[in-house]
Amino acid sequence: MAKKKVAVIGATGVAGQQFLASLAGHPQFEVVALAASERSAGKLYKDAITDAHGAFRWYCQESLSPEFAKIKVEDAAKLDATKVDLIFTAVESDAAKDLEPRYAQTTPVVSTASAFRYEKDVPIFIPGVNQNHDQLIAVQRKNRGWKGFVTPVPNCTTTGLAMSLKPLHDSFGVMQVIMTSMQACSGAGRSPGVIALDITDNVVPYIPKEEEKVEKETQKILGTIVNGEVAPAPFPVSATCTRVPVLEAHTEAVFVSLAKHATVEDAKKVMREFAKDFTALKLPSCPPRLIEVTDDPFRPQPRLDRDREGGMVTSVGRIRVDHALPNGIKYVLVSHNTKMGAAKGGMLVAEYLIHQGHI
Amino acid sequence: MAKKKVAVIGATGVAGQQFLASLAGHPQFEVVALAASERSAGKLYKDAITDAHGAFRWYCQESLSPEFAKIKVEDAAKLDATKVDLIFTAVESDAAKDLEPRYAQTTPVVSTASAFRYEKDVPIFIPGVNQNHDQLIAVQRKNRGWKGFVTPVPNCTTTGLAMSLKPLHDSFGVMQVIMTSMQACSGAGRSPGVIALDITDNVVPYIPKEEEKVEKETQKILGTIVNGEVAPAPFPVSATCTRVPVLEAHTEAVFVSLAKHATVEDAKKVMREFAKDFTALKLPSCPPRLIEVTDDPFRPQPRLDRDREGGMVTSVGRIRVDHALPNGIKYVLVSHNTKMGAAKGGMLVAEYLIHQGHI
Amino acid sequence: MAKKKVAVIGATGVAGQQFLASLAGHPQFEVVALAASERSAGKLYKDAITDAHGAFRWYCQESLSPEFAKIKVEDAAKLDATKVDLIFTAVESDAAKDLEPRYAQTTPVVSTASAFRYEKDVPIFIPGVNQNHDQLIAVQRKNRGWKGFVTPVPNCTTTGLAMSLKPLHDSFGVMQVIMTSMQACSGAGRSPGVIALDITDNVVPYIPKEEEKVEKETQKILGTIVNGEVAPAPFPVSATCTRVPVLEAHTEAVFVSLAKHATVEDAKKVMREFAKDFTALKLPSCPPRLIEVTDDPFRPQPRLDRDREGGMVTSVGRIRVDHALPNGIKYVLVSHNTKMGAAKGGMLVAEYLIHQGHI
Amino acid sequence: MAKKKVAVIGATGVAGQQFLASLAGHPQFEVVALAASERSAGKLYKDAITDAHGAFRWYCQESLSPEFAKIKVEDAAKLDATKVDLIFTAVESDAAKDLEPRYAQTTPVVSTASAFRYEKDVPIFIPGVNQNHDQLIAVQRKNRGWKGFVTPVPNCTTTGLAMSLKPLHDSFGVMQVIMTSMQACSGAGRSPGVIALDITDNVVPYIPKEEEKVEKETQKILGTIVNGEVAPAPFPVSATCTRVPVLEAHTEAVFVSLAKHATVEDAKKVMREFAKDFTALKLPSCPPRLIEVTDDPFRPQPRLDRDREGGMVTSVGRIRVDHALPNGIKYVLVSHNTKMGAAKGGMLVAEYLIHQGHI
């Protein structure tokens, strides 16, 4: 199969760089265009990310692929979307609101922005969890008269939560969810991001808009499609989202009330056996299992577990009975916010959409 | 009133040092004895805390009082308890099990150890919250044939939780409590404590025995005295206790279900008006109010709020409605684990016991 | 003596806030004007530092004085300098280049900016070290036709270095200086400052322009006045300036070659006896001694020693022989970059200038 | 060629684990014995590193090889050294003093301990830097009547310094060296290691015995063999060694006086071209070049550069002229203290000794 031609929008930013890191050597995608703001347009990519002091502002662990380094950056506002088969966008929500519908007129868009997440005809995809929401793509195209479409990935804090709840919901029925997150600094990006003076030796107990996103997105992702739109899952989700001095990966302490009694072993079992059909597709970015359950009481830990399976697995541990909620189960999860929770998660979405023939 | 003669046991350790810092210049107490393990016995205090490299192992922000520096350290196992009016103990639980009953035969003991916390005739005191549990002192003396008694302070993670729940419970009835803590490294002490390799850029999701303590102690502290023993508060408490890269002060995300509906303003009001009778006693270590409620959505933060009122106030913020629990309220608190949560909290207990004539 | 009327320029920024914290309750100064950029002009100070989320952006440990909170902020570009006796400026270098000469036409200016530091007729003051450089004030006034003048404090990294070298230079003659700094994040301010993603678990080995400043300023401060200008000290200074994950206080490892042999005890002695005449003036912001020498081999440490004497003392330890340099001595110092190294250092300058009748 | 049979001593500790991580899949070595203290003896390796809470105390990024997991741990004091061709030791200096001579009677020992580093007939090896010191092996065998020998790797702080000085010394002659290190917490191990309470938001300016080791070892490594022993390099080395809040990799700010003038470009060139003959041997653990020179002024940084080439390369940046020393050059280096500076460095030593026929 010929490789799909792709463009990355917001390519000079951190999230855009993570798309590039994920795309280097990818078996299905060929990067043919990089776009950013007008300021970077016209420069070679490597020059666009080199600053006035001569510092090379590439922020991924992986090296920049030499073939991307020499691509000339385009102005995102002027990109000809028809020359690619797929567009990955990694821009702020305001920019996304403007750019994504323009691209989607002709071309599929996989986005890390929140701009379209809460539209009725837009699925928030986590493949393995709600891939059947791809039904909305046809609805979206029809509603909007687009040849392409927009499929955003969830907020990075939602991903691990929705992932871990899904097998519990399928087997035992989730009734109530209470979650406290301890989120990594990378979630705030770099402009300006979290400054050291604010987070060193500290916890910041508030991340604007985060809790609302997590609560709403979890219900939407675990919801069902009824009459061409998502009926959100009926259980309430209550989150307290905090920032901690961690570079990468969000840690979440989850308390769940279930409709049916489940033992700790039951919960472990359904998590361990989760999504085998999906992982059996062996999509290029898919880990061998979506959830890794550990019995070590001191795990998962963000620094030690975030890079497991390339940052694509949700690590769950400390599964135990919760006595405060009816049929309560509690656990701790770690999910890589800038890998499965962002660009690499978007990559997996794109791979699944190809597999289903949407791209 | 003549000053009470006091001894500090475990004086060379961090918790013991914190007792000394609190006792320097205290209007009611005169330190007449310092005790530690046999190894330190016979040395001047300042020499006992100077190591082989010449480093001075005093760990408090406050300077060591010169008068304590020159006290000769005694062997805790051989201390003559009758020469003091009160003993502060800051030793490990195993040592406390052995030493505290011996001292209590003749002398009141205020302890930071957990050894006796779960005995039926032993109150876990937080003055302002459950001072009426002092009824147990007479029971304890009678049961055990002691002239003295043992009153432990709670686990440092319990203190802020019980403090913040008390006004809610009094006014609206607490039905369920779910709490995730983000605890400071100082809670683990220094022997060996939390090592930098384990906590830098990380969260450790498990602290052995901590959750059980918090759950049990909160119920006991908010319980009522029935027939000479504590009937624990009937509401369930479920905790997930984690360690974060913070030096001092525990942060807790609390979700509470109430028996009666309360608005956010109601909750703020009862917290702000809490324990005015108690603070009116103006005990030397008592802050002007026990709970400080903030409207700044980014507060409380452990580094910024821990030293408020000398580390004796519980800071509460982000009070808001929780939609997952019946009549749900959620909030974040910060409590100084080694001040109100340890030695200085013990100081306040002792001051109250003097006020009530128990010492 | 009537209090001097003062204005603080750049009052909403971190450095400006530190001036306010230092001015609260100051015996010699009365704050009559606060100025900032046009954006803040017209707002009450407390509103000018409250953000859109309702967060109160006051960054000092000390509380904001209620009397400052209600001052209406003025536009720095339009300030009437004649209404005050003294102006403290805490603005970026570019703004200082424009504003300070305008104010200095009528009014003395004590500045934390580097804009005028390298002018021939401008002293860089560290009282106790080079107060005799106040001779330049008359020169400056004459040269520029100003009634006022500009006296900048040094770069925060220079302060501790120049302070610790001065007694060595006076007694033994400094011949060569090699210094590696480990600087606090607060040195970079908050706009955007050092982001957590860059400094957590890391050292950044470069701070633009910092090394040049330290090298040049140290020579100027330890220089002599010849014919109405500073003849820089003739010894070379070589610095490597790095950023480390520390909130406040710069740590510097210094290696010095001396003209005359000095033992470790000699070096300790001259540092301990340094500037007694100056500290005897008992200026309000002056610590009891300018240099604190410790024999504890593990000290000084920035977190433990930065707040010693209100952040106004330079802590020096590990003084020992250096075998690589002729008559070599090496040591480690800690100096509080945002106290003695900034606003509070400026306060001390102003106090000395009043004492000398310059204001 | 048949694989060499090797034993790892101190296998349960962190340094021992790093040997195991390096040995997994190694083309030249077959692990046939793991030894530790008596306490671990008799247990399967995986059980020996599992603690009472069920936590798995394996500290390397790489997973534990399943084949090592099931080896039964032996008592190091009773190990039969004759059954292996080579022994890697990772034990404390005191234990090494006892164990290593016993093993060396029959078997070559590559050690991370300092016990034998300062003996006249013992080379401190950094292959590529002083491989010709292997002449001492014959001397050592003869002196001590051993069939085996002991070759220690240097202190982890010495490695990068000696490495970076070698090309300068060869081409221009080193006359004086001044170095300030900012060392990672992992250098102190885990028993108890550096505790978070001591290093968070801090710098500790003293590491007992470290400076002496660096000074002495650098001279020995860059020395020449004269009459069967090392004549240390004649230039003085002066170090200040500090600990900073970094997990892995030591950063060093180096100031060097050269015998002959060299430009910055000259220095870069000799570093870039260094040791090509050695890297051409393509030993399994050898990186493609020993020194990586960067022109980015903000590099090297420990977190970003430590894992370059598997942690085996010394990254050097900020090479510039130093005006305080005659023919002065200054630079910053980063070297991975627990990879090239410990077990993986020992691996490279062993590989070279095989290549030369010593094993």
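Observations on the structure shown:
Order as written gives the chain letters A, B, C and D; numbering starts at 1 within each chain.
Here is the rule we go by: contacts are C-beta pairs under 8 Å (C-beta built on N, C-alpha and C of every residue); 3 or more make two chains touch, one makes a residue touch a chain.
A quick note: this is a predicted structure, and the numbers were derived from the prediction, not measured.
Of the two chain pairs examined here, A-B and A-D, the one linked by more C-beta pairs in contact is A-B. Each chain gets a centre from the mean of its Cα atoms; the one farthest from the centre of chain A is C.
Centroid to centroid, with C-alpha atoms defining each point, chain C and chain D lie 42 Å apart.
Taking each chain's centre as the average of its CA atoms, chain A and chain C sit 46 Å apart. With centres taken as mean Cα positions, chain D sits 41 Å from chain A. For chain C, the set of residues that touch two or more other chains comprises 53, 200-201, 206, 208, 245, 247, 297-299. Put simply, chain A touches chain B in their complex at residues 176-178, 180, 182, 200-206, 208, 215, 236-238, 240, 242, 244-247, 251, 253, 255, 297-304, 317-318, 322-325, 328, 330, 332. Residues of chain B that touch chain C in their complex: 53-56, 200-201, 295-299. Across the complex, chain C is touched by residues 53, 59, 185-186, 190-201, 208, 245, 247 of chain A.
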